[in-house]
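Okay, handing you the structure first.
Naming follows writing order (A, B, C and D), and every chain is counted from residue 1.
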Amino acid sequence: MPDELVRAESVTKVFRTRAGEVRAVDDVSLTVHRGETLGLVGESGSGKSTVARLMMGLQPCTSGRVVFDGNDLGQLPARELRVLRPRMQMVFQNPYGSLLPHFSAIGNVMEPLRLHERGDKASRRTRALELLDLVGINTHNAELYPRQFSGGQQQRIAIARALALEPDLLVCDEPTSSLDVSIQAQILELFTDLRNRLGLSMLFISHNLAVVERLADRVAVMNKGQVVEESPTETLFRAPQDPYTRQLLSAVLPVRAE
Amino acid sequence: MGLAVYIGKRLVRLVLSLIAVSILTFTLLQLAPGNFADLQRVNSGATNFGGVGTESMVGELETRYGADVPVWKQYLIFMKGAVVWDFGPSYKYASRNVQDIIAEAFPVSATLALLAVLLALLIAVPVGVFAALRQNSKTDHGTMFVVTLGHALPSYLSAAFMILLFSATLKLLPSGGWNGPKDLILPVLALSLGPAAVLARYVRSSMLETLREEYVTAAIAKGGPRRTVIVRHALRNSLIPLVTVAGPLLAALMTGTVFVEALLRIPGLGLYFANAAASRDMPLLMGTALFFALILMVTNLAVDLIYRFLDPRIRTVGGVSDDGH
Amino acid sequence: MNDEALLSVRDLRTTFGSSLTAVDGVSFDVRRGQALAIVGESGSGKSVTMRSVMGILPRTARITGGQAYFGGRDLLAIGDKELRKIRGREIAMVFQSAMEAMNPTLTLERQLTEHLIWHGLCNKAEARKRAVRALGDVGIPDPEKRIRTYPFQLSGGMRQRAMIAMAMVTEPDLLIADEPTTAVDVTVQRQILDLLKGLKDRGTGVIMITHDLGVARYFCDDAVVMYAGRVVERAPMASLLDDPRHPYTVGLLGSSVEVGGRELALRPIPGSPPDLSRRPVGCAFHPRCPRAELPRCQTEQEILTIGPDRDAACWKVTVDA
Amino acid sequence: MTATEGISAAAGESEQAERAARGPLARAWSRFRKHRLAFGSLIFCSLLIITAIAAPLIAPYGYEETDIQHKLAGPGSEGHLLGTDLLGRDILSRLIYGLQTALTVAFGAELTALVLALAIGLLAGYLGGRVESLLMAFTDVMYAFPSYLFAVVMVTVLGRSIFALVVAIGIASWVTQARLVRAQVMTIKEREYVEAARSMGAKGSTIAIRYILPNAIGPILVTTSFAIPAAIAAEAGLALLGLGVQPPTPSWGAMISEGSRYLLAAPHMLVAPAVLFALTLLAFTWIGDGVRDAFDPSGEQR
């Protein structure tokens, strides 16, 4: 078994709402190994986004625990958790919403470096420009504000920011869902390229089976807060075991002739 | 959550808030420098307040509270009275009880406030809808300019201008006093301008927002006549939230007629309150403050209940929501 | 003009404000019992096209040219009063999100019956009967009871069905569906499409606006591909996807990921769609086009017939043939 | 957002097609400058402020100075541009000193309110918990207490001084503002970039001050700019009730009240303060309008 990076051990998350308690995540166990991409698929309300936040330690688990490289995230004091943060970064569904609107593109990418006091201002600038170039943003536009970029470019900036601290783990929550087909393809290519070049470990969340199939080494399927099936990508798509997985797969409408 | 439980909770909160208001007012007023008797001695040369002797007043004060009663006990005695609608005699208007003054003066203020809000609604709804339907036209901009005027000027300033125009120049209306129906015109007009401006602005933007909703487009796509779609789909939905604005405005007006009352010499409750503050008439001050707070809270509660009734989304919350969103 | 066409749009042009042409010379036909897909990405003008035909554009938009023949009348010329008699009765519309397209403060009954009465199709009691039947037809259980509820009291899938019932209750000849499955989960998507298929089989013509090629292939017979406000390719659905000709359509397919296509290399289109107020000269796609040749691509591209039932707006395509 | 809206929004953006890098504040300022009425009002109000500061230099007389020979002189009479009052005091001078009173109270009160509101609203919105329940409990009580009533009680307690008025009006208005700040913070807290900031490892204080505050500042500035004219009106209103600054210090409210009493004999005593007062309020309100449009060009908010 390869080296394990982050592990969720039967985590459960219960939200209290006006209508009563909602069990968003129910006894889920998942592991992401070093250098591996774990895909997580499910429909809206299946709890997949909550899993992402639990594994990032952004929300406390109601029960169960998340262990990142030997550290139980629920037990760490806030200060030590912040020290651990650079090692896990996140890319969100809505790129515009996830960028700081009052910071320029380069300001956004420099911000995590500033927070963790990496280098001086000049070296942070240089590094941010390299990163923008890496994700395919013309560095002439580095001083523009997020709203002046298109959705696809905003997502590239968000990815550059997530990479700035050279994280071990990249958690992507529906990073292409708000993008048009042709832009989605560009971003998927970018992810494939970055993963090959930087050896990233990823937790990649999407409702789109095809996107997950393309990027993931292993896939977990979630339904109503539970993981109903988990297997290597090829196995899952060729021989799905769980009825829900089969239902999902049969609902897919092909574009090209079989 | 059932309606009864909701109302129950709100009533408990209302009582707690009233107690807090009473403690706050009472404490603050205890800190106030100078008392009624001192003030009367200072002013006795200058003013004449109905020939009632100062010493007899202090005597009455002592019969109510007893000599040297500690402050907290005074508060309790006051509240014991307040619960059964007995605030005791006023200092300034010594022959009368505070509750009698309220009973006599509040209807004056309430009449003004109700008429003003009604007038404001009558002006604001058509104006707001009209401006929204002609968004960005000259009519729209012109209307909104006038609305800003109404919004910016406090009621007493409008009243001052109206006195100048209708009383001093045209000599059509009396410049103050409270003798007949003619005396209602100026204050009601002056009081309604501000609320009319606020409401018109609200109606306009609410209407604009609703007109942009996809369900209005969908209704037009179903072949709905323009007028029907505007009234049934857009207007209805934009006026529901109006309740939440008009209610507090009414409440604010019920207690906020004071400035116009002062300027036009109308014997409303606000005027009594202001005079009570100026002369340190503690029972009257406490009584009116509590009464105003009560009016404000009851109005707000009523507004929330009406809103719940009007909007099915709130009315039926927890009813059928079997599948989350 | 095609005689058997139910709706025939010719050279439609719609502008926003003074300078932005959102729809620029769009033409297509829809036949009875057939479904036409209008395929494109956001900003391609596909929604504006159909809203122009329906006469439900926002205030800042103006139709500046073209015709739309429906039953022998030009919808763009007859005026709002006449158009209103057709809207909702002969042509109905299904929107992307029922949550937004249904009035939250009116019951289903009110919303399913009001246009029957507006169009004078029947009285109130009969309208209610028809509405209950329509709800039953779209697969909503216990329609007698459900008709008294408000839209937000239904689940997402049920709400979408209710909106389809609202459109179908007047038995229109043409249905315009604007991304009707984008807001629902995949498992529900199939059910909604099958529901619409039933209508098509009963002779209703359907125009489906979609960005999803899988949905288009499953449901539609013909397709029109739009880019930056213009039609770039027109073809029978299967031929379009199996043998795309216009470089944009080729790029769109090269960008599509699908299950089982893991080994297929992605060939994304570089760059992003143009800002419509600064449309590139000539073919709007040429700055992103791998086959572009200057200066020829900077001249206006006519839409050219390239085969039976097939047209494309690219001179390169005719050279290929 | 529907497709058609996307296009009409794009149409609006393309008018300012230049791709210069401009932050939110710079954009707001350039929009404000294009708002002619608001920009004009800003100049007018700056002049008012200068006049108030330099009152002793500009006013032809002291506010207490009486000219016994010319009691109730009409406007335009010799040496008294706007006439004199009952005691023969120069109305123009009293108006200028009254302006000083009004602006001192208004700016003092709103500055107090703003600082209090920012500190407490930010804490309550970001930390939640006890600070928040305390603020909410307090605002509940204050909401049950009409703000002018509260101001009246405060002035009764503190006496009739400028300081008392600043405190009375400031406290009466900070509650509303703190609630607004809290609401803003709560909304922004839900934005993805705050979660993104947490995931980058930012501290709570960094998030509150560096990320949330700059994005909440727009609506807060809008409210504050509307609160200034409201505070000017409140000062005059209290004076009208006989609860303003101690005479003979002039206040517009007192002048209006006096003027209305001698309406028939000397209308100029009412006209001059009423007109200047109205102009001042309008100018400040138009500035508020400009600020609102600058931060919210689509006019979505109220």
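What we mean here is this: a contact is a pair of C-beta atoms (placed from the backbone, for glycine too) under 8 Å apart; a residue touches a chain by one contact, two chains touch by 3 or more.
Treat the numbers as computed from the prediction; the structure is a model and nothing was measured.
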{"item": "Number of hops, chain B to chain D, where each hop joins two touching chains", "value": "1"}
{"item": "Any chain in contact with chain A as well as chain B", "value": "C, D"}
{"item": "Identity of the most central chain, Cα criterion", "value": "D"}
{"item": "Centre-to-centre distance between chain C and chain B (centres being mean Cα positions), rounded to whole Å", "value": "53"}
{"item": "Geometric centre distance via CA averages, chain C-chain A, whole Å", "value": "33"}
{"item": "Length of the line joining the C-alpha centres of chain A and chain D, rounded to whole Å", "value": "46"}
{"item": "Set of chain C residues in contact with two or more other chains", "value": "42"}
{"item": "Of all residues in chain D, the ones touching two or more other chains", "value": "2, 5"}
{"item": "Of all residues in chain B, the ones touching two or more other chains", "value": "214, 321"}
{"item": "Of all residues in chain D, those that touch chain B in their complex", "value": "2, 5, 140-141, 143-146, 148-149, 152-157, 159, 229, 233, 236-237, 240-243, 256-257, 259-260, 263-264, 267, 270-271, 274, 277-278, 281-282, 284-286, 289, 299-300, 302"}
{"item": "Chain A partner contacts - residues on chain C that touch it in the complex", "value": "41-42, 185-187, 189-190, 193, 211-215, 217-218, 238, 241-242, 251-262, 266-270, 272-273"}
{"item": "In the complex with chain A, residue positions of chain D that touch it", "value": "19, 21-25, 191-193, 195-203, 206, 211, 214-215"}
{"item": "Chain D partner contacts - residues on chain A that touch it in the complex", "value": "53, 56, 58, 81-86, 88-90, 92-94, 97-102, 104, 111-112, 115-116, 141, 143-145, 148, 158, 161, 165"}
{"item": "Residue numbers on chain A that touch chain C, as the complex places them", "value": "43-44, 150, 152-153, 180-186, 188-189, 207-211, 213-214, 233, 237, 247-249, 251-257"}
